[in-house]
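Before anything else, here is the set of structures, which you'll find just below.
Paired with subunit B in one complex and with subunit C in the other, subunit A is shared by the two complexes that follow.
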Partner chain A sequence: MKLDPRTKLFLAVVANGMIFTAPLVYSLLMVVVTSILLLLEGKWKFVCTFFFVYLGAAFFFDLAKNLDIGTSGTIVLASLFLMYRIMPACAVLYYVITTTKVNEFLACMSRMRISNKVTIPLIVMIRFFPTVFDESRAIGNAMRMRGIRLFSLRTLKSPVAFLEYRLVPLLVSITKIGDELSIAAVTRGLSAETKRTCVATIGFRWVDFVVWAYCIAVVVMFLLRN
Partner chain B sequence: MRTTGKKSSNTLVRDLVNVGIFGALYLVLSGLGASIGFIPAFIVVSTCMVSLVTSVPLFLFFSKVERPLLCCILLCLLFGVVMIISGHGISFGLLCVVYGVLAGLCLNLFHKNFIGCLLANVMISFVPSSMMIPLWSSTEEYLAYCSSVCDSAYIAHLAELSSSYWPLIGLFGFGAAGAVVGGFIARRVMKKHFERIGLAQ
Partner chain C sequence: MNISLKNISFSYFDSLDDAILKNLNLEVRSGECVVLAGESGCGKTTISKLINGLIPHYHSGTMDGDVLLGDKNTADMTLAEISRVVGSVFQNPRSQFFNIDTDCELAFGCENLGIDPEDIKLRVENVVREFHLEHLLGRSIFNLSGGEKQKIACASVSATGPEIFVLDEPSANLDLKTIADLKEIVLRWKKAGKTVIIVEHRLYYLRDVADRICYVKDGQISHEWTPAELEAKGPEYATNLGLRCLNLEQLREGVVRQAHQPCKVPELVEGPQGSKVLDLAKQSIAKSIVFTNLTFAYHKKHPILDIDRLELQCGQITALIGHNGAGKSTLAQVLCGLQGSWRQKRVARKRGTYLIMQDVNHQLFTESVLDEVLLGMNPQNKEVALEILDDLNLKPFASEHPMSLSGGQKQRVAIASGISSGCDVVVFDEPTSGLDYRQMLAVSATLKKLAADGRTLLVITHDPEFILNSCQSVIRMEHGKFVEQYLLSGNEQLLVKMMQL
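Right after this comes the complex of A and B.
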């Protein structure tokens, strides 16, 4: 089922707002709609894993919340909280990122009369998070093969050197990726000062209206309760 | 040499792509650096850690962009927007823009030399420091929000911090100190690695 990118953005904004500011029940309401949309996209494996981890984190957080667990416990508790509070937001972002093509997003932003100066960094940043993690993981593996680990005597002796070993290859790698991305963007005419056209058809359909109505209903419910 | 409008719009796209890339990296690294703040004793010095970790990427970013003012504003704005979405107030977003403008002006004023980069780094280091301002401006709400995340000892420590303004000054001071030290480390790293292979001037 194909949603308009503007509907996806609205869903992301409302879901994040509810997840971070409203009580848990509103967060769950947003989780439900996102899960249904993900299932309709055929991502049932992601939905199953998400629910398993999410409910597990919520259960253990609830269990450990009232215990006096000290500093190390605070770190575990905060990690569990982040998991069960941030995971719904990640699920929404996963849905938006994996189902929206760059050209559709650009066309939709240009229809909303948002400048390229905001759109391009935003889209590059959203698309770049997985790349940063992938590159970091690959560099971590390479360093581990050379005996450079976070928890080792060598790192304790010279933490700056460890930072250099991990950060410099990452920066070199992503700078090169960035240069290639800029060249690709210029080649595709992103720097042209004329109005861009888009092959993909974007527009509102009945599904979009259903999602908009659902989101507005959740927001109204929250505002009336407060 | 005659320059054309086409060339300038090409460099604009390159700058915007760099803002996106370094914005993503800045968010990830500042999150990692700030995680030290989960230990109550390190809350105040966590900003120093963030500044230290993000200095090298920021120096590389400053050396790569051709429109420092625009790029610094956009970088801080992106950070602000992400933080607003994750529950911080609009006022934090506005503060981010102010820091971005100041950082850009520092770079423009000193023509991207070391002093300019260092001052811009210090200005951007104030962005993560400002995230804890609500602990002093609206203490009750902030503590109520934190009580759902942390244990009672951590909340008690936060309440103790909020009773005086010195920790707030410490947050900004440690952030700035970390940015200065990080700046000197970044200059060495830039010379040793990036300038040698032509990734930075």
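Right after this comes the complex of A and C.
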């Protein structure tokens, strides 16, 4: 099920907006549509994990919010709250990033008359995410070999050092990769001045209209209630 | 298209006092294939950046002199204009892709130049046919092997139809078979009358391709040979200049001559899964470490790694060879407890195996070399830590920041930290990729020292020169399975043959 990148962007904006709304139902409505789209892409594993964690967090929050649990308990509670509130936005982002091809995105941005000066940094950023995950995994491996673990006495004693071990090599390597990626792009003629063509065909189809209608309906419902 | 570099001086800093190129002149005729060789840091990559316009348009610095492509000065062109005539392929396959799937990547350059979509489709079809990429279409970039990525990179540059190709160490991450494919690609370009500039340490695959080899030293081109001229001067001449061998046959003869013993084929016995195994009992090797149950799979039906038993001799350097994607890195990760089941990981931890990654930047965490070593041990043992550093010639750098060191020094710091965490088995993932001859010898010396101290070393490598220089035995694996294991002495020819298959 291929959606136009503009539809995906609209979906992402609405889903992000709805995570801040008062009754949970609007956010849930966006979770439902995102999950359906992800399932249509065959990402059932992600959807299962998502629902497991999401519902788990929501359940425990609900369970604990009326109890008297002291300061540390409140911190846990607050993080649970943040987690299940922010997760829908992460799911939408995951959907957009994994299903949008670079050239489709560039083409739709230029159709919306957004300058290349805005688009190119954006696209570098999107291309960057999977690479950062890759690097982060390699560094995590290196840390495990040295016996530096998140759940250990050492980390409890100096959590800042743990973060430093993780972040310093990551920063060094992603700066390098970012540089190499931009070099790859500029030597292949990606620039703000030239007008690009695109082999991918983008355009609205009936599914796009369904998603747009759904999103608008959710927004209207929300506005009418308030 | 002609390329001419006239009186080029360049420095990455504000003044030309510490320039990396000094008054360099280079003329490349249309249709010529020129190799830029020389030791690391001699400025050969800088020359390639002058040609593809990254200097002066991307990297800042101080520059003097003119670079002409045809009759146009690169200083007066934009990078987008230069990219129409110069196509670039880089060393690191991981970071030269802008798209996440192969189809888009092949079209990317053409799209940037604003070529008509119908025309782009034709061009992409053409390069797919020319480079035999049918099986790579529609794949995610993240699931390709290094060799496959490099082929896609060459093809997508080729699709835009530039007159000049600039390749910066394109073979650094490739196995010998894929290097042969790369050679075919360069020959194809040459046949089409394109000008090709290759910056490279490995020279042997360019022997029949290059018209000229330019040796860069002290910011100038100090020597120029045809491959035949360089070969005629003999291997010693080349190694004295820090060059890698030009001819694998020569390398083989040289080593066999050095071995001073008649070739004998060691006895092989039937091993598991129908493989041939060296009969270790008859080799009178005192001690060895046996690993069992080395399996790994993302999906049960498609095992990536399936090895029942692996035996490594203590105090020796064992080379692990096999094609890109044969499962060598997965084997290393399972051995070191980074992949696999909970039980495999526990066994690995108990055994004490340590992996030196290809990108050592990933495993340096602290603010000084000494802290790096102390991280794995009791902080009171400063003496012991200093001893380890001294062993690896790192004592003068004990208080330096690891990231400020050179590549080889970083690698030694990583080794030191592995030793300090009490590991006796050290696994190396391609420790010599992209190194010149001298650097390769330095790595080799470090490894030999570790082995002499009784440690067991397993080295994943595609570098026949390094294996012949340092290793005592060879393990070959393909498709996640163990194929054969043999002593190197007397089997040099087998090795080179197997690596090229």
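The rule is short, and it goes like this: the second predicted complex is superposed on the first by the 186 of 226 C-alpha atoms of A that agree within 3 Å, B and C clash if a C-alpha of one lies under 4 Å from a C-alpha of the other, contacts with A are read in each partner's own complex, and residues count from 1 in each chain.
Please note the rule applied: a contact is a pair of C-beta atoms (placed from the backbone, for glycine too) under 8 Å apart; a residue touches a chain by one contact, two chains touch by 3 or more.
These numbers come from a predicted model, not from an experiment.
Colleague: Would you sort A:177 into first (subunit B), second (subunit C), both or neither based on which partner it touches?
Modeller: both
Colleague: Looking at A:102 after the superposition, I want to know if it touches subunit B, subunit C, both of them or none. Which is it: first, second, both, neither?
Modeller: Touch status of A:102: second partner only.
Colleague: Between subunit B and subunit C, whom does A:193 touch in the aligned arrangement: first, second, both, or neither?
Modeller: both
Colleague: Could you tell me if A:138 is touching subunit B, subunit C, both of them or neither one (first, second, both, neither)?
Modeller: Touch status of A:138: second partner only.
Colleague: Name the contact category of A:40: first (subunit B only), second (subunit C only), both, or neither.
Modeller: neither
Colleague: Touching A:32 in the superposition: subunit B (first), subunit C (second), both, neither?
Modeller: The answer is neither, since A:32 touches no partner chain.
Colleague: Between subunit B (first) and subunit C (second), which does A:165 come into contact with in this model arrangement: first, second, both, or neither?
Modeller: The second partner, subunit C, only.
Colleague: A:146 in the overlay: touching subunit B, subunit C, both, or neither? Say first, second, both or neither.
Modeller: second
Colleague: Considering only the contact definition stated at the top, list the common interface residues of subunit A for subunit B and subunit C.
Modeller: Overlap of subunit B and subunit C footprints on subunit A: residues 123, 127, 164, 168, 172, 176-177, 181-182, 185-186, 190-191, 193.
Colleague: For the complex, which residues does subunit A have touching subunit C?
Modeller: Touching subunit C from subunit A are residues 101-103, 106, 123, 127, 130-131, 134-135, 138-139, 141-148, 164-165, 168-169, 172-173, 176-177, 180-191, 193-200.
Colleague: Show which residues of subunit A lie in contact with subunit B when the two form their complex.
Modeller: 13, 16-17, 20-21, 67-71, 73-75, 77-78, 81, 86, 89, 116-118, 120-125, 127-129, 132-133, 160, 163-164, 167-168, 170-172, 174-179, 181-182, 185-186, 190-193
Colleague: Per the contact definition, I'd like the list of subunit B residues that touch subunit A in the complex.
Modeller: Going by the criterion above, the answer is residues 5-6, 9-10, 12-14, 16-21, 23-25, 27-28, 38-40, 53, 56-57, 60, 64, 70, 74-75, 77-78, 85-87, 148-154, 185, 189, 193-194, 197, 199.
Colleague: Can you tell me which positions in subunit C touch subunit A when the two form their complex?
Modeller: These residues of subunit C touch subunit A: 52-54, 57-58, 78-80, 83-84, 86-88, 90, 92, 94-101, 104, 107-117, 120-121, 124, 142, 156-157, 160, 333, 336-338, 354-355, 357, 359, 361-366, 375-376, 403, 417-418, 421.
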